[in-house]
Amino acid sequence: MPRADFAFSHRLRVRWAEVDRQGIVFNGNYLLYFDVGITEYWRALGFPYPDGILEYGTDLFVKKAALEYHAPAVYDDELDVLVRLARIGRSSLRFLLELHRADTPLVSGELIYVNADPATRSAVPVPGFLREAMQRFERIAPEAA
Amino acid sequence: MPRADFAFSHRLRVRWAEVDRQGIVFNGNYLLYFDVGITEYWRALGFPYPDGILEYGTDLFVKKAALEYHAPAVYDDELDVLVRLARIGRSSLRFLLELHRADTPLVSGELIYVNADPATRSAVPVPGFLREAMQRFERIAPEAA
Amino acid sequence: MPRADFAFSHRLRVRWAEVDRQGIVFNGNYLLYFDVGITEYWRALGFPYPDGILEYGTDLFVKKAALEYHAPAVYDDELDVLVRLARIGRSSLRFLLELHRADTPLVSGELIYVNADPATRSAVPVPGFLREAMQRFERIAPEAA
Amino acid sequence: MPRADFAFSHRLRVRWAEVDRQGIVFNGNYLLYFDVGITEYWRALGFPYPDGILEYGTDLFVKKAALEYHAPAVYDDELDVLVRLARIGRSSLRFLLELHRADTPLVSGELIYVNADPATRSAVPVPGFLREAMQRFERIAPEAA
């Protein structure tokens, strides 16, 4: 997707310890970058994870992750983690993510979170205030969300 | 899938540093466990990665990864990484993986690798000897592979 | 130190993701291996960390770490983490550790832990039962401990 | 040491995956932060690691590391990695490092590198141009270096 389709982006730099013997980022470390992107997304939204969400009695757990590797990131690359909330379900959130080096997409993927009771980890509806904040941030029309 | 559907399994133990503040394994670390499982799969097959493959002028790069999180693994868990080669394409390999604690599946997923020229990283056909070794190991009938 | 000077040893294998672009284990990952060694030491002692210690109202925090790198470990190496409790202070424990590939010491180091109240993290005396168990395990004469 | 004693500082933020079940950064991850600090030190010096050094036929390997843990860093902390070159030996470099949250030092330590031939990994003298650049950057009088 073009960069303009993403409401949010966060820049990071590839660390020495994240690169493997092939000279490229180890495939699992992209989920580390996605996680940093999601963290900064929540901060930008005004609900820094986890305290900004836990105080409303709700927490988020990853349910699914998918990644497609187009081209490798290498040591010292400056990368943009692009984050877009694609769907707000009754108790789930679906994020699309892309990792770009300048205008080259290297990795694309998605993360599906379930909104859950922190103690029981069973799904509960996404709180209304969070739903509205995300719709505003993403400029999603309420009926389409 | 039942454990019996997997030709290969490797046991590991969750380390302190792999567990996060929620007391569960960080979502990206399951790709670390999958990678260990694939490494041991190649060893069991008789072609330890990477030297056992590179010497034939071919290398493997992850093209896609997908994970579904059913239940969390916690610190000190003994886990079995179950690995099954589900499809041998012209230049790609599709593995199914599951992570079990005793008989409870915690995470399931897949990894798709492309067989590539180590220098150019462009796809090349899976070598015949590798294809045959994998078919034997997985007891896949050649026509179905 | 010769291997015979260590009461305890634990074997592990270097993972792909732990090796960097120089083809050797990233310097910080040896503390990961030391931590695994200490974890298994506590298990062998009969007090699996952390529950076996926390139930007595005491916890352990690393106060100092030191490492000396003699020769690099590489991908797929089988390594022995050798652990020896060198000193039991009033509220501290000093461990000596070495990482060997066969009979070659690759890394040597020490970890100093403080025994602390889990809530306040302030130092408290090492409980007597732990002190005695460690002296027995290490065959340290009580007066020398 | 007071912050003013350090010629260089780099800010980073603690990631979710770097924090353990005690809610604090895993002790080995501070070497990851030290490594990021050293990387940025080389960049600021004008010799980005490793290409800016390798092109002169020399490389750097960690020989010793030491850490003292004063207080834990927690998730989402903004930390400054303070780096100071304390000694330039014939073929070795000794760095002092501190990790601060605002004006509170959390971890202090040192890293000793050996300057080596990239192929043989045997020690070779620190090149003159590097020695001079570092003396200028640190404002070390040549005779004291």
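As written, the chains take the letters A, B, C and D, and residue 1 is the first residue of each chain.
Note that in this section contacts are C-beta pairs under 8 Å (C-beta built on N, C-alpha and C of every residue); 3 or more make two chains touch, one makes a residue touch a chain.
Bear in mind the structure is a predicted one, so any value in this text is a computation, not a measurement.
Enquirer: Would you say B-D or C-D is joined by more C-beta pairs in contact?
Expert: C-D
Enquirer: Which chain maximises the distance between its CA centroid and that of subunit D?
Expert: That would be chain B.
Enquirer: Quick check: how many Å separate the C-alpha centres of subunit A and subunit D?
Expert: Taking the average C-alpha coordinate of subunit A and of subunit D, the gap between them is 31 Å.
Enquirer: Just the number, please: Cα centre separation of subunit B and subunit D in whole Å.
Expert: 37
Enquirer: Subunit C to subunit D: how many Å between their CA centres?
Expert: That gives a centre separation of 25 Å.
Enquirer: Residues of subunit D that contact two or more other chains, please.
Expert: Those would be 16-17, 21, 26, 28-29, 32, 35.
Enquirer: Which bits of subunit B are touching subunit D when the two form their complex?
Expert: These residues of subunit B touch subunit D: 16-17, 19-21, 23, 26, 28-29, 75.
Enquirer: Going by the contact rule set out above, which residues of subunit B touch subunit A in the complex?
Expert: Contacts found on subunit B: 21-22, 26-32, 34-35, 50, 59, 61-69, 72.
Enquirer: For subunit B, which residues are in contact with subunit C within the complex?
Expert: Interface residues on subunit B, with respect to subunit C: 15-17, 32, 35-36, 39, 48, 76.
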